[in-house]
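I've put the structures underneath this note.
One chain, chain A, appears in both complexes that follow, with chain B as partner in the first and chain C in the second.
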Partner chain A sequence: MFSLDVILDALIFSNMISLMAIGLTLTYQTLKVPNFAHGDLVTLGAYAVLFLYKTFNVNPYLALPLAFLIPAFFSLLTYLLIYKPLSDRGASIVVLMIASIAVEIILRNMLHIFADVMRNLQKTYYRSLILREKNILLGGFSIPPVAISSTLTTIFVASIIYLFLTKTKLGVAMRASIENPGLASVLGIDVNKVYSISWFIAGGLAGLAGLFLPYRMPADPEIGWGLLLKVFSASILGGLDNIFGAIAGGYIIGNVEYLGINLLSRPPINLSTSYRPALPLIAMILALLFVPKGITSINMRKIKKWLRRQ
Partner chain B sequence: MKLLGVEDLNAGYGKLQILYGITFSLENKEILAIVGPNGSGKSTLLKSIFGLTTVYSGKVIFKGEEITNKPPHEKARIGLAYLPQIGNTFEKLTVIENLKMACYTLEEHEVKERIEEVLAIFPHIKPYLKRRVWSLSGGERQMVAMAMALTRRPEIIMMDEPSAALAPKIASQIFEKIVEIRDSLGKGVVLVEQNAKKALEVCDKALLLVAGQQAFLGSPEELLADPELAQTYLGVK
Partner chain C sequence: MRALVNILKYTVPILWILLLFIGTRDPISFFLSILAFYSIYLLLSISLNLEYGFTGIPNFGKVMFYAGGAFVTGALSSRLIAPFIGISWKYLEKFKTYNVIVSTQVSRFFMQRPDVGVSIFVLMLLLGVLIGAFLGLIASYPAIRLREDYLGITLIASGELLRIIARNYDPLIAGTYGVMVPDPFYWLSGISHEIFRVGVMMSIAASTWIIVELLIKSPFGRMIRAIRDNELAAEALGKDVVKVRMKVLMIGSSIAAIAGVLYAFYLGSVQPDDFMPIKSFIVWVMVILGGAGNNKGAALGALLYLSIDRTIITLKNYLLVPFDVNNLAYIIIGCLFILVLMYRPEGLIPEKSGESIIKLSPKLLSKVKKNYNKSL
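And then the complex of A and B:
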C-alpha cells in the first residue's frame, strides 16, 4: 500500500515531532504556558550541529551532546529569567504566552544573524543547509541511517523518561509538583528546582529533534517555527497532560501527514500535495471535536464493551 | 505544658478581616473541635494557625515558642500538620508514591520505617499501595491524606472537614481513626467540622465560631447543654 520510502519518511518525521511534543508537554504542565519558542529550540539544536559539521567537520552524531545541551541551557535560562519571575509576580497565562512569543521572535532573529555569519564563513549563496548520508543496506532494503538513529533515540528517550518519572524520587516529585505545587512545597519539595529540570529536559529533547532535522529537510532559521503548529497538534492530541500521550500524538500527526497525503494524492482523489501541511491540523480539529481531552482520555473499556455489543 | 496556644488572634485575607479575637489552647492527647455555621471562619482559623492568611494581631504559640509569622513549610518541619479539605493528596500518583512524597525530606532508611508505621494505623489502605489515588473511594483518600500527614510524626494534626462528602458509615470510620490518633499516638488534634454532632461526640474541647467571633469555648457537654447555642447554630437537639 505504501512504499518503504514513504513509511520511513513518516517514521523519521514522527520521531522528530514526538521528541518535540514531549518537551512542549513538559513545559506546558509546569507553568501552563504554551511555549511558542519551543520550535526555535529545535532550530537552535540543528544549527549547533550544522555549525560544527560545516566549520570543523565534526560528525553530526558526535555533536549530539551539544545538540542537547545548548537548547537545554537556553530553555532553562528562559524559565529562570523570564517565565518564573513573571509567574511569581502573578502573570496570567496570556502574559506568559506573549512573553514566549517575544522569546520566539528574539531567538529566531538571532538564528537569522547566525545563519548569515555561517553563510559568510562558507562563502555560499544559499542559507538552507542539508546533511547527507549514504543509505545502508539492511536485509535487502536500502534504509537511511537517520531512520534507525532517530527511532532508537526516541525509544531510548521514552524509556529513560518513563523510568525517571516512575522509579526515581526526583521523577515522582516532578509529577507531584506538576499536579499540586502547593502541597508539594509544603512537603519540602523544591518545586522551582523540579520545574527548572523540566525546562532543561524539554529544551534538550527539542535539540535532539534538531539533530535529525537537516537530514530530511533543508534547515534554515525558520524551520522550527514552521514545525511548531504540528508539535502543538501532537501535544493537544496527547491531552497536554501526559508525556506518553505526546509521543503517541507525535506518531499520529507524523503518519497522518506523510501517509495521509500519499493516499489522498492518488487516484481517485488526486489531491494536490500542497495540502500536506493542512492534514495534521485537520487531525487536531477532529481530535478536539471528538476527544477533547486527548487520546489518553479514550476509555478503552467502553470501546471494548461497544465492540462486543456489535 | 500547652502544646498549642492561640491568643487574641485577628486574621483575614488581605484587607478583609474574618476572625476577631480568637483565644484557645490545646494540650497533648486532646481533640479540639471547631464548629459553627457556614462562613463563620472555621477553615480560616486553621489556615491562620498554619500561616496561610494575613494575621493582623495576636499570637500562635507552639510549645512555648511564638510561631505566628513562620512560613508554612517551617511550621510543617517543627511538628504541625495541616490537612486541607481538598487537594490534600496527589491524585495521579499511587498511594505508595504519595506516602514517599510525604517523606521527601527524610533520609532513605527512615522512609521505610515511617511508611510501615503509618500503614499499621491505616491497614485499610495497605491493599491499595499500587493504586492511583483518584481510583480510591473518598474515605480511603482521606485516610491516605491522614497517613501522609502522620509520616512526619507531627505533634499537632489539623484537619479541615475530614468527613465532608463521605457516607455516614465511612465518616464514622474516619472519626474512629481521629480518636485513635489521639489515644494511641498521643497527638493533639484540631478538627474543623460541619458534622457538629459527630465532632462533639469525640472531642474534648469545643470552640463555637459565629461570624468570626468566639461564641463558646468549653467542654462539648456544656455546649450541647446550652439549648440556645446548640440549636441556633448547630441544629443539634
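And then the complex of A and C:
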C-alpha cells in the first residue's frame, strides 16, 4: 500500500515529533502553560549541530551532547528568568502564554541574525540546510541511517524517562510536585528545582529532535512555528498529562501527516501535497473538539460495551 | 508629577514620529502612510481589547479574522464587477495569471464611474463585516468550551489553516503570488487621492472607536466586564455568558475583518504570507503595552508599536550591519514586551478600577474605610 520510503519518512518524522512532544508535555505539566518557544528550541539544536559541522567538520552524531545541552540551557534560562518570576508575580496563564510567544520571537530572530552573520563570515549558505548521508543496506532494503538512529534514540529516551520517573527518587519527586506542588513542598521537595529539571530535559529533548531535523527537511530559522503546531497536535492528542500519551500522539500525528497526504493525493481525491501541513492541524482541532482530554482518556471498556450492544 | 507623566505618555510617541520626518524625502506621503497604518492597527487593537481587555477571551488568532477580511476583498473586489464591464471570460477563468490585468481594467472603469468604485468599497466593507462575524461565530464554538491554553492553540491553528488554504487553493486569491486589488478611488489623482483615501480609513477607525466606546459604557459593556471579573457571579445573576461571549467574538472579529479590508485596499494587493501568526502577536503587544481594558490604552499601544516599527524602517537605510535590521527590531520588541509584562503588567494606561455608579466624595470614602476597618 505504501512504499518503504514513505513509511520510513513517516517513522523518522514521528520519532522527531515524539521527542518534542515529550518535552512539551513535561513543561506543560509544570506551569500549566503551553510553551510556544518549543519549536524554536528544535531549530536551535539543529543550528548547533550545523554550526559544528560547517565550521569544524564534526560528524553530526558526535555533536549530540551539544545538541542536547545548548537548547536545554536556553530552556532552563527562560524558565528561571522569565516564566518563574512571572508566575511568582501571579501572572495568569494568558500572560505566561504571551510571554512564551515573545520568547519564541526573540529566539527565532536571534537565529536569523546568527544565520546572516555566519553566512557573511563563512561565505556559505546558512539557511535551508540539508544534511545528506548514504543509505545502508539492511536485509535487502536500503535504509537511511537516520531512520535507525532516530528510532533508537526515541526508544532510549522513552525508557530512560520511564525509569527516571518511576524508579528514582528525583523522578518520583517530580511526579509528586507536578501532581500537587503545595503538598510536595510541604513534604520537603524543592519544587523549583524539580521544575527547573523538567524545563532542562524538555529543552534537551527538543535539541535531540533538532539533530535529526536537517536529515529530513531543510533547517531554517523560520521552521519553528510549523513544527510547534505539529507538536501541539501530538501533545494534545496525548492528553498533555502523560508522557507516553505524548509519544503515542507523536506517532499518530507523524503517520497522519505523511501517510495521510500520501493517501489523499492518490487518484480519487487528488489533493495537492502542499496541503500536508494542514493535516495535523485538522487532526488537532478534531481531537480538541471530540476528545479534549486526549487519546489516553478514551475509555476502552465503554467502547467495547457499545460494540457488543451493536 | 503624575500629570507630567500623563502628558509625556502621549507626547513622546508623537514627537518620536515627528522626529522620523527628518529622515524622509517625502514628508507628506510619509505622514499619510503613518495615518493609514495607524487606523488599521487601531482597529485591530480595539477589537482585541474588546475581546481580551473587556471580556477576557484570549484571542490568539486575531490574524485569522484580519486575513478573512483581506481575502474576501482580494477574491471578490475585481471579480464582482469584471463580468459587467466586458472583461473577457478567458481572463477570469485564469485568474491566477491575469488578475493584474483584470484589476487594472476595473480600476480604469472606476475612473469613469466613481459611484461604482465607492459602492464596491462599501460593499466589501459590509462583506468583510459579514465574513468576520461568521468566522467569529465559528471561533466561538471552541472559545466557549475550551480552557484558555487550548483555545489559544486552536485559534492559532485555525489561522494557519486559513493561510495554508489561501496559499494552495488558487481560485481564492491566486495562491502564493497573491492577487491585485482594484483601487476604488482611482478617479482621484495625486495627493488628493491619498488624502481622501487615508481620510476615509481614519474616519472608519474613528467611528469604530466611538461605537466601541458607546458599547462599553452601555449596560452591555458593564455586563461583559462583570463576566470577565467573575463569570460565576454573572451567571448567577442570570446573564447568559455563552451568548455574550459569542456576541463579543462576532463584534471583535468583524472589526478585525474591517481592518483586513482596509489593508487590502490600501496596499492594492493581498498575499497569503502576509498573515503569519506573528501578526496576532503584534496586536497583543499593542494591547498589553498600552494597557488592556481601556480603549485609550489600545490607541496608545498602537501608536507606540507604529513608532517603533517606523523607526526601524527608517533606520534600515542608515544602519550598516551584516544582518536584517527587522530581526533586531523583533528582538527589541520581544524584550520590551517581557519587561512590561514583568514590571508593569497593567500597561502604560491602566484600566480605571472601581468605577462605581455612586461616586463618593473623598471625605465620605475615608469615613467608610474607617468604619470598615473598625468592624474588622
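The rule is simple: the second predicted complex is superposed on the first by the 302 of 310 C-alpha atoms of A that agree within 3 Å, B and C clash if a C-alpha of one lies under 4 Å from a C-alpha of the other, contacts with A are read in each partner's own complex, and residues count from 1 in each chain.
Heads up, the rule we're going with is that a contact is a pair of C-beta atoms (placed from the backbone, for glycine too) under 8 Å apart; a residue touches a chain by one contact, two chains touch by 3 or more.
Because the structure is predicted, anything quoted here is derived from the model rather than measured.
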Residues of chain A touched: more by chain B or chain C? C
Of the partners chain B and chain C, which touch A:M97 in the superposed model: first, second, both, neither? second
Quick one: is A:G188 in contact with chain B, with chain C, with both, or with neither? Answer first, second, both or neither. first
Applying the document's definition of touch, where does A:A219 land relative to chain B and chain C: first, second, both, or neither? neither
Based on the superposed arrangement, let me know which partner A:N180 touches: chain B (first), chain C (second), both, or neither? first
Using the superposition on chain A described above, determine whether A:P292 touches chain B (first), chain C (second), both, or neither. second
Just checking: does A:I113 make contact with chain B only, chain C only, both, or neither of them? Give me first, second, both or neither. second
Let me test your reading of the model: by the given contact rule, A:V146 touches which partner, first (chain B), second (chain C), both or neither? neither
Please write out, lowest number first, the residues of chain A touched by both chain B and chain C across the two complexes. none
Counting only contacts in the complex, chain C reaches chain A at residues 52, 58, 60, 141-142, 145-150, 152-154, 156-158, 160-161, 164-165, 167-168, 276-278, 281, 284, 288, 322-324, 327-328, 330-331, 333-335, 337-338, 341-342, 345
In the complex, go through chain B and note every residue touching chain A. 72-73, 76-77, 82, 87-93, 97, 100-102, 104-105, 148
Touching chain B in the complex, chain A uses residues 169, 172-173, 175-176, 179-180, 182-189
Residues of chain A defined as touching chain C within the complex: 32-34, 82, 85-86, 89, 91-95, 97-99, 101-103, 105-106, 108-110, 112-113, 116-117, 120, 225, 229, 232-233, 236, 272, 274-275, 277-278, 281-282, 284-285, 288-289, 292
